[in-house]
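In what follows, chain A forms one complex with chain B and a second complex with chain C.
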Partner chain A sequence: MAEEGKFKVTIDGISIDVAPGTTILNAARQIGGDIVPPAMCYYSKLEGSGGKCRTCLVKVSKGSEKDPRPMPKLVASCRTTVMDGMEVQNITSPDVIEARKGVVEMLLINHPLDCPICDQAGECKLQDLGYEHGAEQTRYEFERRTFERIDIGDKIQLHMNRCILCYRCVYVANQLTGRREHGVIYRGDHAEISTFIERALDNEFIGNVIDVCPVGALTDKTFRFKNRVWFTKPVDAHRDCPTCSGKVTLWYKGEEVLRVTGRKDEYNEVEDFICNTCRFEKKHTADWTLEQPTDVDKDSVITANHYTVFNPPPVIKKNPALQAANEEQLSRTERLK
Partner chain B sequence: MARKLLLNHVDVPGINGFDVYRQYGGYRAVEKALRTMSPDDVVEEVKKSGLRGRGGAGFPTGMKWGFLAKPEGVPRYLVCNGDESEPGTFKDRYLMTKIPHALVEGMIVSSYALGANTSYIYIRGEMMPQIRIVERAIAEAKAAGFLGKNILGTGYDLEIYVQPGGGAYICGEETALLESLEGKRGNPRIKPPFPAVAGLYGCPTVVNNVESIAATVPIINEGGEEYAKIGIERSTGTKLISASGNIVRPGVYEIELGLPVEEFIYSDEYCGGIANGKRLKAVVAGGSSVPILPANLALKTAKGDARLMTYESLADGGFVTGTAMGSGGFIAFDEDQCIVRNTLNFTRFYHHESCGQCSPCREGTGWMEKVLHKIEYGHGDLSDIDLLWDIQRKIDGNTICPLGDASAWPVASAIRHFRDEFEWHIFHPEEAQTRNYGLAHYADPLIMAE
Partner chain C sequence: MQSLSNRKKVIEQKPMTFWERMYLPAIAKGLGITIRHFFKKIPTVKYPEEQRPYSKNFRGQHSLKRDEQGRERCTACGLCALSCPAEAITMVAAERTKDELHLYREEKYAAVYEINMLRCIFCGLCEEACPKEAIYLDGPHVTAEYLRKDFIYGKDKLVEPVFDIKNLKQETTN
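For the complex of A and B:
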């Protein structure tokens, strides 16, 4: 039985008590580790996002304690709320793995796969997903759809070929900037992100569309072709900014700051949205108070040749039941620390 | 002669006007419902009738009404889905053209049952004449005191507005319809919440098909139990079927549910048999979205029973040997039709109409179209059939709205039942350009009604 006022949900055999109204994806993120479904379109800081990319599909094998029937279809975990006693299968279900493989394949058929010249390579969710689930060869043998590159303002470039239509940037433009100048036009596989009649978005916070973009469709023109991300070193820094929180990550190559982004967590979501001045104009160490090297996931390509803090696997850290079961492993990680 | 409830006076001249409609017993249901029944009585009556949604999914209408949340101080809405754009379906257009007052009368009764004071009829934007006809009918009803404030002195207020559609097939999906009605881009919403809880403008909303709403009129006039006597088991009442394809008499027919498919195709009362003395090859029983069936399976179920025009009988055998009632768009194919070409045609439609919101449907429909195009024009490989099968399997069930499923099912069933025709296209690419595969073993040539 779950704690008072909380729902017990079991994901891939690991149970956790969460507040009612939590989505399956967020419950999985509270557990952490490999059982967290990937999310390309869901962004916890953007209202209404999610449900579109279908990479986070999971199987609900038991609906709830009251109604134990399984759900007939795979559900999008980012938009399905948990029920008490719900049992969810993610990586333990072959159906889910199969469906996710299908989704990744669909996302890739019209993607140009120009990773060697793409600024996002190394921190691209689609690249990770393709690596985990994609086949080594495409079965798509037709011409891919192509678009012209569009400049959105003088600092951001939109490269629709790479876009997976996650709508995150649309939500950013709607929710952070107040005016509706940025949206989706056309439909089906002709749909494209566009600004209102070629109008450049000149809002102080529009640079955040670069951070939320899971692929390389929206890139920073001040960083364009400067360097590969895995050759740069991220450092947390802050400044006293009148518009935003001023908490950022600086990406260094040698002594030069190549770019400035928001601080991202392990699911690639920024902690605070930052303003354009911080992002595009403050590119000297003197502008910033440095804090520490950014903690980067040890599996990420960005950690190559970097000093990282050794973290015990998160599942062990957060789940007492598993902790007890993995006593030995835990003591080993403690020793190594 | 079968009973007709919706189309019984359809041939009367001037029935699309208020006076003639009233003369033939029109608006009796409104008087009966508003004067003698409480809203819950009306819902109860519809539940008793066993009426199932006529738009495609076949969900019991009474149950749908029962799910409507009724919080205090929040308006409730009834929205009529007249965005009929499924290939092969044209029954709602016919109904709205011929007897628009049946829809208006049904709207008043249904709105009263749900406690809605504002109702909308969302009509496909391409159907401009029908929009004008329905608007005129509403104006006439209002002039006669059946709409507006204090209808028939009962204290019930109702306004009905007609909204021309946004010009997309996807706007017929109920949540996309609500988005479009709110003036936004017609993208389906992610459910839950269902419209019965948070629909139009965040208020509880019921979305019903034109025919479902019109069917409430005979239900109120004759009583739910009387209506339920027509039909078989859980398929009650009458249904409009839009018959098209290679038949002698295409058109809209009102059938009593339970009519054998064989009788529907070959009887002179309905389709009148296959045109030009040809033989039946395949049938799409409920609009382009439902699985296509070869003639032998369309006329008889896999168990050997006669297949009937009911929700259960058509679905007998699941998607392996069965199909679905859908919206009643009945398309018959004769021996000269090419199934590959037809599947390409349907898939092209779904590719064009996909809203582009979720990835499997956005990318998959286009991919299927390209592969089918390749096979149809003689460039296919044998592996393309398996590829098609795999693509449809990865779309089916993985999308936000049923459009993904609807694009996958015709492809799946065409490959399942007509795989030899696909293979023939691949092995004989040049011959396939000049002639069709014709009738194969799967068609049943011998069945002919007297």
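For the complex of A and C:
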């Protein structure tokens, strides 16, 4: 029996006591590790998110202590709250793995294979999901739907081709701005996210739609094609910002700050939403107080060729005498040409 | 000390005899060996005029390929640079404009693409990593240069020339 006022839930054989009203997904996140179902649309900081993408499907093999019957179908773990004595199967159930593979295939029906071009590649959750659960080839034989690129304001670019309709950006726009300016129009297969008649969003926090987007549908125009994510080095930094918390991640290439994003945790969710000034306008090291290199998952491509210390010692020591000699030799050879 | 392996050879040193001290027979013997080599088959070839057959999977200088419409295939995705164990490849990406549609295959292209041939170890991992079949190590040997800076090959040396049927005809008629 669980503690007083708490529900005991068992996920893949691991038990935990959680408060009533917790979803299965959040209970799994409290345990952590491999048993956490992936989530494309659920975002813990956004109210009402979840239930759209179906990647977090799990099997409930025992409903509760009082009613031990299993649930008849797989359920979306981000929207199903736990019951006392519930038993959930995630990676231990072949049904769930099979269903997730189907969901990934479904999400990829209209998603273009333009990862070599996409700025999100390397930190894209759909890429990870496709890598882990996806089929090698698509069975879809029809034309993918295509759209023209749209500029939302001068800093954000919308690639509707890549959108998987997770609605996260819609919730960001609704919950951070006073008015409803951003939404999904049309239905079913024709649905697309849009600003009302492509009107520019000018809220001070609207840049966060870039951070919440799990794919490359909403990207930073100031970073467009500047560099690939895995060649840049993330560094945690903060500044005294009057509008937001000012805690960000700076993405360095050499001495240059290429891009500023919110700090993301292991589930790709930002800790604090940051304002547009921090995101788009403060791109000098002088604007920020640097903390430490961001801790990146060791399996991530972003860690490639990066060091965990700020100023790693140079591979070759500087030798002014040798440099002078080389220069002299070069000028001599040039003269002989 | 006693040898453990028993494979040690003891060299015996004796004083030279009269014939040995004259050196003449030794000189004649040495010249004989030298002259014998004049009549042997020469194992070397006169590269670059003459070339030995190459293996089919020989990896030489890189070339950046074009597609069937003559557009550059490279989209500057950076996977070659990521896979490169010698860190020889660098690139700068740029966005294709409306009037460059016939030049580049994708929305993004490599404005600058440089391979440092001194760093490159010709392992062919870039070729394997490329998702667009844009880079192949199908060229000849990388030639020698006088200066280190000349080993940094840019797009002028790497991109393959546009296929032109007229040039092909000339080559065959000559």
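By our rule, the second predicted complex is superposed on the first by the 306 of 337 C-alpha atoms of A that agree within 3 Å, B and C clash if a C-alpha of one lies under 4 Å from a C-alpha of the other, contacts with A are read in each partner's own complex, and residues count from 1 in each chain.
In this text, contacts are C-beta pairs under 8 Å (C-beta built on N, C-alpha and C of every residue); 3 or more make two chains touch, one makes a residue touch a chain.
Quick caveat, the model's predicted, so the values are computed rather than measured.
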item	value
Clash or fit, chain B versus chain C on superposed chain A	fit
Which of chain B and chain C A:I117 touches, first, second, both or neither	second
Touched partner set for A:R224, first chain B, second chain C, both or neither	second
Which superposed partner A:V301 touches (first chain B, second chain C, both, neither)	second
Partner chain in contact with A:A173 - chain B first, chain C second, else both or neither	neither
Contact breadth on chain A, by residue count: chain C or chain B	B
Lowest C-alpha to C-alpha distance for chain C against chain B (Å)	26
Residues of chain A touching chain C in the complex	114-117, 121, 224-228, 230-231, 301, 304-305, 330, 333
Partner chain B, residues of chain A touching it in the complex	50-55, 57, 73-74, 76, 79, 98-99, 101-103, 105-107, 109-110, 139-140, 142, 164-165, 167, 183-184, 186-191
Complex interface listing, chain B residues touching chain A	168, 170, 185, 190, 351-360, 362-367, 370, 387, 390, 393-395, 397-400
Interfacial residue positions of chain C with respect to chain A in the complex	75-79, 81-82, 87, 93-95, 106-108, 131-132, 146-147
